[in-house]
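Pasting the structures here.
What follows is a pair of complexes built around chain A, which joins chain B in one and chain C in the other.
This part shows the complex of A and B:
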């Protein structure tokens, strides 16, 4: 598959701090998730890809063109930045209209296109309110609208779901998936694994400016599954529950916390473990009040992937 | 029966070249600034000198025609020399020169005020609201960005200089009902246009450079006041203490004034008036004119523009510089 976005041995320094470290990466058409903990270099990568930063070393190409100092390429690129970058006194409609005009849409074409884009992101009803009164979810939607208004072929979305409520999140995920289905290239960054999984199965993992893994999310899950999962169970009779758990072959270890009446279980087969829990809870009246994964966050996954 | 797609309808048009992108930036900036009370207030105050200029050019046109309408007015000025009544067109060039020169003297003040109100926020607000990436992620070059921001200044200053100048000139020509007016005064009209351009470019680049130095537009406003008023005061101090010819060169507005004297040929007009009235030297007009060469002021303003452009290009480069 022809890569749309290419990084070739790219490094970026901010003084003594390294943002990206000798990154070589190829991103195909469709939606690709860019995953990494805070400070991994995701925003730097996106800023390099949109030509807003100059690589200290290496070359960044989008649609087979160098991104640095290439304003014309921005006709085919849409950027939804992580930080709010608005004129707060403008209404959402004025803001998207201004962005459309800056992108080169003629006045006559801009009006209807702005309407369509605002409708696409579900902001029609709130488009005439000043941005300063928008919720975080509305801000994210209008940011997405300004990135989409000129129909770019390649979209870079920096943490587009941050701070959004479940409804906005579902809508935005659906929009992004739709863009991918239309054949556009979308690189969407996030530090929340399940958010990205909802949008795509193709992911790129960054940590401390380095590429940790890239490819299909299932291969990552396989890697993760080799790593003992830590699951916390809370029960009024946690010691009795622990006695039952210890007999299970896939339980590798346990830790009791009497103060919180909880058990920290380590297992290599989390799916099987979760499947047996309902039956376990019903046996001999040992109700389980709460179940959650202690390492269902990307930091833990990275720790495993980097140190494995 | 065909079933039409009810989903999102894509736009398939062509994006325009970035050549006109600066217009979109300027238009957006002008619309934003027009919402501010102070901008509207200063613009409306600046209309008074513009109306006065138009009124004077009309009156002068009627004078040249020796129109009956104007005769009662002339009787109020009993000291007017006879040549003024018999052959007023002899005074055409000096009168137009002084009209335009004094008009620009007043409008220069309003221009400085307008720049103070409009200019400081132009880049500082983009820095404050992180809006620069919004521009640089579009098909825009840095030149488009600066040109667009300069276009905001040009729009407002043009409205108080170029627009009234052109209207007054047309009215003057129409009411004089004499084609030779164009021959005699077109140079002055062009001088007015050049002078307006000098005010717009020099004050525009300067205030944009100042605006790029801070995220707080109030500080930028203070810097602009310092350049405008303090440099003027400094020139006054130098003039009285050092008594050097070049003292006004340290003042931004004095430099603008010196160029106006040169472009409108104020000394020439004063001499012409003195010759016609046989009263040299008259009305203290010679004191209106600076004695040092005009190109010192031109060089000072060119240097200021160059320094401003350098500040702009180093301050607003890319995100590398903004971090």
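This part shows the complex of A and C:
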């Protein structure tokens, strides 16, 4: 299969700190998950792929073109950055419309395209509110909309599910899978394997700037399942939520954090656990505000992979 | 929440990126300029500067209500040519220009511009143009107000004042072009551009420009003062240790200011095009 994104012996240094270390990688069309703990080099890789950074060594190519300072290539690229940064004073619609126009869409084309994209990410009802008043889930949705509005052929999504509630998480996963079905190339980064696995079976594992493994996720599943998966849930009524969770057979243990109104859950069947969360979040009385995976679990797997 | 549309059901035939107008810049540029203008024209910075720019008018009114024996021309010299042109305009240009990229970096919104199909030099020059427009508009409004505060209601009337105020607004706009392009480029070279810019304003534009020595010709303020004498005051001699016979012509002064503006704008555009802007990376963190 022809690679869409290519890294050829790419290294990137920040002074004495190494961001990527002699990375050679080829990403085909479809959805690919980019996995690694914090500091693995995922954001560096995505910034190199979107031409924001210049490689210290090697070559980065997307659609067979060099990425650094290549404005024309940006017609075909969309980026959903990790940072929770916006022009806060804009409404969601203004933000997406501005990004559409900046991407070169003519006024006549931009209007309907913005409406379609906002509808696609499920933000039609909230599009005319100022972004500064958005919840985390809404912010992630509108950030995805700005990346999609000009219909790029290649999409780079940096931790798009971070901080979202289970419903937004399910919706965003479905959108990303849909993009893959359309034949677009999507590289989505995460430090949570189970998030990525819901979107694709093709993954790339990075750790400390190096490529640890790549290929089908199933080859790594057995290894990862040896380590109990730790998931943090945040809720205003976390104790009531804990009472419901304790009855679930796949929950091995729990730890309550009253100060942060959160619960640390340990499970060996994370797929089942994650699948049950949207329903649990919608139940009266126990809204789940945020779900995230504890990084330590994946770190343990990486250590094993690197040292074996 | 909808299903992801397919190529067939959303668009007639071809994806939107193939249907874009060839003149990408014409489609994107108005939005880019609007965005940059809106960023510069909103926020606390504008209000603080508006307050500072109102000082000449406020002082003029206070001086007049105190039945001061100052001649209006003396007030004009002290408040408009010295306080406004010599101090406030360079400071406003520094504050706006050094923040035009730095703000987007700190707020991490620059990414949204860098990943668009816009040449980087276009992004930089649009930001600079918006910065110059906002600063020049601010200085024009408050220089008119200052002229009104100094001359309105005087007997005999000064009909030439409207013309003079227009000329001052124009030459301040020229000075702002030069200063903004210098400070914009400076902000891409060093992190502490605001502090360095302040030192530059005080030492070079404040002291060296007023000392009768050849080095003053390297300052923007020298040419601003030449234009005040030649253009605004119609060759009337001011007490600035600048003998008319030794001064360059008004046309040459305009040319020098324009050249400074163009040269530093180009330098800034080149720096912006070749520099990396790191967000959410080890160095940025």
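Basically, the second predicted complex is superposed on the first by the 233 of 308 C-alpha atoms of A that agree within 3 Å, B and C clash if a C-alpha of one lies under 4 Å from a C-alpha of the other, contacts with A are read in each partner's own complex, and residues count from 1 in each chain.
Keep this in mind: a residue touches a chain if its C-beta (ideal position, glycine included) is under 8 Å from a C-beta of that chain, and two chains touch if they have at least 3 such contacts.
No experiment lies behind these values; they were computed from the predicted model shown.
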Joint occupancy of chain A by chain B and chain C, clash or fit: clash
First (chain B), second (chain C), both or neither touched by A:72: both
Contacts of A:115 with chain B and chain C, given as first, second, both or neither: neither
Superposed model, chain A: greater residue contact from chain B or chain C: C
Which of chain B and chain C A:240 touches, first, second, both or neither: neither
Single chain B stretch clashing with chain C - from 60-68, 78-86, 96-104 or 168-176: 96-104
Shared contact residues on chain A - chain B and chain C: 14, 47, 50-54, 71-75, 77-79, 81, 83, 85-87, 89, 98-99, 101-106, 109, 113, 116, 119-120, 146, 150-151, 178
Contact set on chain C toward chain A in their complex: 1-7, 10, 15-17, 19-21, 24, 27-28, 30-32, 34-35, 38-39, 42, 107-109, 111-120, 273-274, 276-283
Interfacial residue positions of chain B with respect to chain A in the complex: 8-13, 15-18, 21, 24-25, 27-28, 32, 35, 125, 129-131, 133-141, 144, 318-320, 323
Chain A to chain B touching residues, read off their complex: 14, 47, 50-54, 71-75, 77-79, 81, 83-89, 98-99, 101-106, 109, 112-113, 116, 119-120, 146, 150-151, 178
Chain A residues within the chain C interface of the complex: 14-15, 17, 19, 39, 43-44, 47, 50-54, 69, 71-79, 81-83, 85-87, 89, 98-99, 101-107, 109, 113, 116, 119-122, 146, 150-153, 158, 171, 174-175, 177-179, 181-182
